[in-house]
Amino acid sequence: MGDLGRVPVGIIGASGYGGVQLVRLLVDHPRLELAYLGGESSAGQAFSDLYPHLGHQVQQAIEPIDLNRIADRCQVVFLSLPNGLAFKMAPTLLEKGCKVLDLSADYRFFDLATYTAWYGGDRTDKDIAETAVYGLPELYRDRIARSQLVGCPGCYPTASLLALSPLLKQGLIVPETAIIDAKSGTSGGGRQAKTNLLLAEADNSLSAYNVARHRHTPEIEQICSDLAGHEVLVQFTPHLIPMVRGILATVYATLRDPGLVREDLLTIYTAFYRSCPWVKILPSGVYPQTKWAYGTNLCYLGVEVDPRTDRVIVMSAIDNLMKGQAGQAIQCLNLMMGWDETLGLPQLAFYP
Amino acid sequence: MGDLGRVPVGIIGASGYGGVQLVRLLVDHPRLELAYLGGESSAGQAFSDLYPHLGHQVQQAIEPIDLNRIADRCQVVFLSLPNGLAFKMAPTLLEKGCKVLDLSADYRFFDLATYTAWYGGDRTDKDIAETAVYGLPELYRDRIARSQLVGCPGCYPTASLLALSPLLKQGLIVPETAIIDAKSGTSGGGRQAKTNLLLAEADNSLSAYNVARHRHTPEIEQICSDLAGHEVLVQFTPHLIPMVRGILATVYATLRDPGLVREDLLTIYTAFYRSCPWVKILPSGVYPQTKWAYGTNLCYLGVEVDPRTDRVIVMSAIDNLMKGQAGQAIQCLNLMMGWDETLGLPQLAFYP
Amino acid sequence: MGDLGRVPVGIIGASGYGGVQLVRLLVDHPRLELAYLGGESSAGQAFSDLYPHLGHQVQQAIEPIDLNRIADRCQVVFLSLPNGLAFKMAPTLLEKGCKVLDLSADYRFFDLATYTAWYGGDRTDKDIAETAVYGLPELYRDRIARSQLVGCPGCYPTASLLALSPLLKQGLIVPETAIIDAKSGTSGGGRQAKTNLLLAEADNSLSAYNVARHRHTPEIEQICSDLAGHEVLVQFTPHLIPMVRGILATVYATLRDPGLVREDLLTIYTAFYRSCPWVKILPSGVYPQTKWAYGTNLCYLGVEVDPRTDRVIVMSAIDNLMKGQAGQAIQCLNLMMGWDETLGLPQLAFYP
Amino acid sequence: MGDLGRVPVGIIGASGYGGVQLVRLLVDHPRLELAYLGGESSAGQAFSDLYPHLGHQVQQAIEPIDLNRIADRCQVVFLSLPNGLAFKMAPTLLEKGCKVLDLSADYRFFDLATYTAWYGGDRTDKDIAETAVYGLPELYRDRIARSQLVGCPGCYPTASLLALSPLLKQGLIVPETAIIDAKSGTSGGGRQAKTNLLLAEADNSLSAYNVARHRHTPEIEQICSDLAGHEVLVQFTPHLIPMVRGILATVYATLRDPGLVREDLLTIYTAFYRSCPWVKILPSGVYPQTKWAYGTNLCYLGVEVDPRTDRVIVMSAIDNLMKGQAGQAIQCLNLMMGWDETLGLPQLAFYP
């Protein structure tokens, strides 16, 4: 936009973790400006009442959700709401000319029947939903660039699909052998106060949950099927880890060609992600730590082959609130605006 | 001491985490008494210099390792040393009439060739090693009861094998589909100061390590093969979790009979472990938290079936230093002495 | 009770952390048995629905609160409820002959005016309240032994008062210089789902709260005044620490006699607590870790003198849910029943 | 800087936490470039062998420490070494025209006798040491701007002094009543593998250490004395907290004028730090969380007055590796170069 100013952006659902990431990222973005913060229960509060440490940089108040006023003020709107609300707002915003990026599950599915089977709800926005693009730029960069409505991927699907895509796209594995054992920090559960996410309950402990029935399963399968060219079922098991941020997906699959070795796969992964600035293939024998991705939009991939079992094991680490949520949404918006997809996004973690 | 007296017990390698668990467990055990604490680098120190909080209950000093003196004083000796040391001590202790329980890998293998392939070393104690029994009471209770030398299982194998045994023993799964995705607290790495185990490095992060080459793999495979009746290879991946104690093994395998449902498997598991006081099968739909086993000798098992993929998923939670190490050693000793296998062992965690 | 059985005990408010500690402690206590579990919102549920890991030891259901039925079944009742409820139940239970131990603030104050000034509420049980004894056995052992109604101390006051009592009782410090900088794990906030106690919020962070106005202040001051023989005000600052259990109180005060050295104070502390089995004075130069008290009823005290500033610094570590709550309640009950005060209480932590 | 080039910077002691922060900060700094990474034990390794996640941004190798070569290549050198090494290198580097910023204690003291009393060593660089400036910009901005040699403050002194300075400078408190109860994440202990800093030991626990004898005490006292205009002794107690980064200093002092209220002090603090972009005074009743400062160069201050005791309580939160170490060093360098002191430093944390 050069001299003429920054693109005004609105966030609906500002008080949760998705909202506060977006706000934080906007502060550093050179081409965007925060024009509207909307919420229901928190309307009327200063944003810094919720997050006092941001007070010196963010002075806005949270306003009630009025779609007309938002559309008047904003060129772009992020919807950061519980599942089942975005599809009631997006049509109006799109009609008024806004670009819309939804962080919920509402616009992630090619087929709304899959959505309603796993999420319920009565979808009356079928035509709009068909225009939505799945916001994983490493797979759908061009379509995202041309879209007005992006359904941003879930955190687990992002980590899982970046691990699996080269294998499926190149036909290197037997698809139905794919098992994703995923581990997430508790911020993935959002800012709602749930007993099982209390520090007293979740710290120094570990467990699986929603085994064989987590709602990210059909989302992963949809994209895997798209890549494989036929329907694919995967095993997906999420675990709750005693840490704040980060996802590690450990992905197992049987190689079609048992002669492939680790270095072959590293070459394939490096080529596949050659033009993807946010995916980093680690050197041979190095496996990712989730902390390496902390606060960045990066995905680190480590690849291993077990010649004893003919399996490939891929480890994928992201920050669940960045590449797994708000960071990826900004990456999508960069593409939608014709900007470099790295613009304004943090590229390097602090360590330790 | 009661009328009959207590059995005098020695611990060689007292300063590490295995040692301190054994000491702690002996304090509460009604039939055992601590007669000797031995160590190399820590010899001459009071045990309470290392662990001041035990000072009001444990006044012993750590003594140099003198096998003759130990054998004079002790009926039972626990060896809690790095791999490759126990096999130089056990023969002497056995010859002098001690019962020996080794917490290292030295006496875990039916075939010493497997040991040397994965651990190296020049084993000259082949005859002795052949008398050793693998100390997993749920599988080898009778043999343990008759043995003088027990090779206590590793922490990962304990969690993994308790999850897999009913499936393999009953022929319910395709063995080569077994994948063990295991997660451990950092105390599994012992009390040695390693950079990657520092809180600053390991906290709020998560990673896999030794993928496709961890030394617990052949140990797991040995017992799986014994159960299946033929050689079985498994996929085993350990992960380091930002917590102190606890292991969760998430085990995947393809069912031979896709008609089996969750309740069938719960029935099978319940029957299989009917006479095993330390294994608890959780109710349908409940998955174990590692914290539930904290400070106890329990193993909690949760079982799930995914009818979409015909896989069974078993989750197994233990305290890596208890059922995964010192507690299990005491359980074995209880059996060797003809006592109830629950004697003197903690049966219930504090929560949260 | 000798041969004839165990004393039947009821717990009202069974679902919270105080309740689950009491249940857990009763399992191991040789003279008590759990006769009643009562709750409001959780009535009708099996206790093991809330805490599945206890299912193999605790089969009771949570029942509605019916004081008459409780009194019929129980000789002793623990009230583990939010502040302001116990005083509506205790009179009835006492009248029917039950011994009552209240874990809330309702019966901690000598003067109800202090209670209502800090907690509000309309107290109509003045006569009953005057019969209550403050349940800190190290100070009020004899009175507790003779009482029917015990107001069990708060967690912070327990840690703070055990640190301060020898100093105040012996007149060693200038009372108004006493500053208590206290640090607690988040389980002190209870099992209610509050945003600030989420792992995502509280982990890897640290802050003070309720500075200069925490409601444990008047409770500490009341006992300090009792010890000093005149009214004492103290500075008390609580902090929330990213850990589950444990309190460390770091207590500062100016010595009246600047000639006192560390060893003098250790001698005084050792003498003061000579007949107190639950208080352990650490050796010279050793400071307590909260983890040492984990899961036990112990209080560890470390004492330091700074000859540069003429201050004594006392560090006091307890498990906030044990000596700071449920364990201490059992200790009090042991005294009320004429038993040894250590009966059935855990005496040694697992480490690490 | 485009045509004019960036200032070449060297880091000696690159492998530790101070080193990796500096490297990370240099990546984002618009006027600096990394010209040299030096280390002893790590010489010859690629920096990304130590920190693989930086591999896509930092390709340098660690070189042996050769002061002449460093001075040839660098205009500025950061010394990030254990205490007692910098003073053997700084004179040579200064002589060759480099600006030197030392992160150790070597150049923090106005009087070398204080240094040798607390740190030992045989200082032969008295003339050089006298030219050093204490690198706390909020107090010594102008002197830092003119200096060639900066002794960067310790992490605890930074947090403590920013809390205390307005009180001492304005004569608001009785100096000898100052008590600093400080709490630090374990990264403050550096990247050396020490048993007590293992996650297994330090997690879920809490303790004080070096009570009444921590070496940051004289450093704090030196600046307090400078501010007060006479010698001041303070009480300083550090605690180890189970978290990676962050320091909270809770500072107590008795007000000279008991009529002052919280709002008065907030006004005074706001005025005192008016031109200090890195110090943020929190609104009335808000106390800082260490996490708010995570990964930034900020110090958050919360101020409270207890009218019952006439004490002021100031809470000061920083990231110990940023404002407490590397970030502050860059802030100092910005001043030494005549740049804005915020240049290239992160201003806002991610949350949670």
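Per-chain residue numbering starts at 1, and chain names A, B, C and D are given in the order in which the chains are listed.
Everything below uses one rule, namely that a contact is a pair of C-beta atoms (placed from the backbone, for glycine too) under 8 Å apart; a residue touches a chain by one contact, two chains touch by 3 or more.
Note that the structure is predicted; figures quoted are calculated from it, not measured.
With angles rounded to a multiple of 5, the C-alpha fit of subunit A against subunit C returns 180 degrees of rotation. Its interface matching that of C-D in over half of the contact pairs by residue number, A-B stands out among A-C, B-C or A-B. Measuring from the averaged C-alpha position of subunit B to that of subunit D gives a distance of 45 Å. A separation of 39 Å divides the Cα centre of subunit A from that of subunit B.
Inter-chain spacing, taken between the CA centroids of subunit A and subunit D, is 36 Å. Counting only residues that touch two or more partner chains, subunit D has 17, 185, 187, 191, 198, 200-201, 203-204, 242-245, 288-289, 352.
Those residues of subunit C whose C-beta lies close enough to touch subunit A in the complex are 17, 185-187, 189, 191, 193-195, 197-204, 242-244. Within the complex formed with subunit B, the subunit C residues making contact are 17, 20-21, 24, 27-28, 51-57, 187, 191, 203-204, 244-245, 280, 282-283, 286, 288-289, 292-293, 295, 300, 321-322, 347-352. Taken in their complex, subunit A has these residues touching subunit B: 176, 179, 181, 183, 185, 198, 200-201, 203-209, 211-212, 233-235, 237, 239, 241-246, 248, 250, 252, 287-291, 294, 302, 304-306, 308-309, 311, 313, 315, 317, 352.
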